[in-house]
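Note sheet for the following structure.
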Amino acid sequence: MPTATTHDIEQCIESCTRCHRLCLETAARHFRGEGGAHQVPEAHIRLLLDCAEICQTSANFMVRGSELHGHICAACAAVCEPCADECDKLGEDPHMAACAEICRTCAQTCREMAAATHWRTRRAHPAGASPPE
Amino acid sequence: MPTATTHDIEQCIESCTRCHRLCLETAARHFRGEGGAHQVPEAHIRLLLDCAEICQTSANFMVRGSELHGHICAACAAVCEPCADECDKLGEDPHMAACAEICRTCAQTCREMAAATHWRTRRAHPAGASPPE
Amino acid sequence: MPTATTHDIEQCIESCTRCHRLCLETAARHFRGEGGAHQVPEAHIRLLLDCAEICQTSANFMVRGSELHGHICAACAAVCEPCADECDKLGEDPHMAACAEICRTCAQTCREMAAATHWRTRRAHPAGASPPE
Amino acid sequence: MPTATTHDIEQCIESCTRCHRLCLETAARHFRGEGGAHQVPEAHIRLLLDCAEICQTSANFMVRGSELHGHICAACAAVCEPCADECDKLGEDPHMAACAEICRTCAQTCREMAAATHWRTRRAHPAGASPPE
């Protein structure tokens, strides 16, 4: 029966902020033509930009104290996960590996945040769905 | 068996862009202290900012041609819907009514977009789930 | 002696919104590997993303009714201008030409907006600088 | 004769990121109706949102490695400065004081960044303006 604490939210903001930064930085290496980044497929650059943007939006919802942040966190996890997979496929570059790792972490904290919020929403509206025992 | 056409995506971008604009404008009236806007509860200002931001992100995903825009559209619909409800509750002000209407339209087009994308994802990965007959 | 009217501001929001959209779309063609877009240098993709982002921020300041939008419009013009130049250099592609044109228009409306705001600011603080006769 | 090092840019990204966060958080307290925040004038909430957004855009330009970040940093400083002043006027609240402090720091680092970039731009285009000896 998960519920999000202030500490959980802070951690999730932190992982979204770091993931946003690292994804944008990884895309930036492509723009600079640095370190073998030329081989990065264009579709992966787009995925990195997608991931950076939804992480930023997700962090902003939580910082703003929005009650609806769970929906954004769920979407964020759904973007971070394939972004991590694609980074992994691109191989041994240490920067790409670091990007994969933070994407994975961010997907995990966002999934937990979404689950905790979902539970709270269901408690608030018990007619809509019965919470787990 | 819905599938999103270029025309559907264009319409969804359009409704997200308009919803973003109108929500931000409605919040701005509060900042200016205009037209009875003083009675708008602070939590509704936040909801308008939430709605504006996720609409912007949602439009950006579609303009970028992201394959993952369905997840963002689903989250967008989940924010637009309660924003429309709250605007409706705030009564007879014509600006607020216009804001409610575009939020409702945006929620609808985003829900359809999310459903169409979900179907395509399932076709692409038939092992994951069987599509409807 | 320029001063910005509501109509000017509306026009400037409109050109920023369209410029944001077209720059992001032009970058998206690169991500899709469409129509000769492969030859677009990576640094130009970054410039398109820069232009899209500052146009979005500029439009948001004006929609929010911010008193400080002149500073953002000045920065926006300073990004739109070189973006238009680079689009022009990339030749005869009609999409790129359309992008160049809206960047040029947006640079112009933003410059005028910045000038009008600057003048107003100087009137408000006459000690700081003497307004033109 | 200032020139921006990688370390300077990193510091400026850091201060923009922190300023974005704190300004959005300070506005969020208003939305929650917390701690005397009710007395915060609506125009100051808008200024906090302005400051948060341009700080975010400014950080993104630098993370993306944009050559034009100097223009955005200049605009950012021009928004952070009055935001710090307004926070100061709102008195003894420790959260507001912390917000004023980070806005002041961010304005300073952004001003320096803009100055350093301006110099570099002038070296690159000596015909446009003669650099200082």
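Structural remarks
In this document, chain identifiers A, B, C and D correspond to the written order of the chains, with residue numbering beginning at 1 in each.
Everything below uses one rule, namely that contacts are C-beta pairs under 8 Å (C-beta built on N, C-alpha and C of every residue); 3 or more make two chains touch, one makes a residue touch a chain.
This one's a predicted model, so the numbers in the text were calculated from it and none came from an experiment.
With C-D and A-D as the two chain pairs, more C-beta contacts join C-D. For A-B, the equivalent interface among the listed pairs B-C, C-D or B-D is C-D, as over half of the contact pairs agree by residue number. Summarising the inter-chain layout, the chain whose CA centre lies farthest from the centre of chain B is D. In this assembly, the C-alpha centroid of chain A lies 25 Å from the C-alpha centroid of chain D. The mean-CA centres of chain A and chain C are about 30 angstrom from one another, to the nearest whole unit.
Taking each chain's centre as the average of its CA atoms, chain C and chain D sit 20 Å apart. Taken residue by residue, chain A touches two or more other chains at 28, 31-32, 46, 49, 60, 64-65, whereas all remaining positions touch fewer.
Of all residues in chain A, only 46-47, 49-50, 53-54, 57, 60-61, 64-66, 68, 71-72, 74-75, 78-79, 82 touch chain B in the complex they form. For chain B in complex with chain D, the residues that touch the partner chain are 28, 30-33, 42-43, 45-46, 49. The part of chain D that touches chain A in the complex is made up of residues 17, 21, 24-25, 27-28, 31-32, 56, 60, 63-65.
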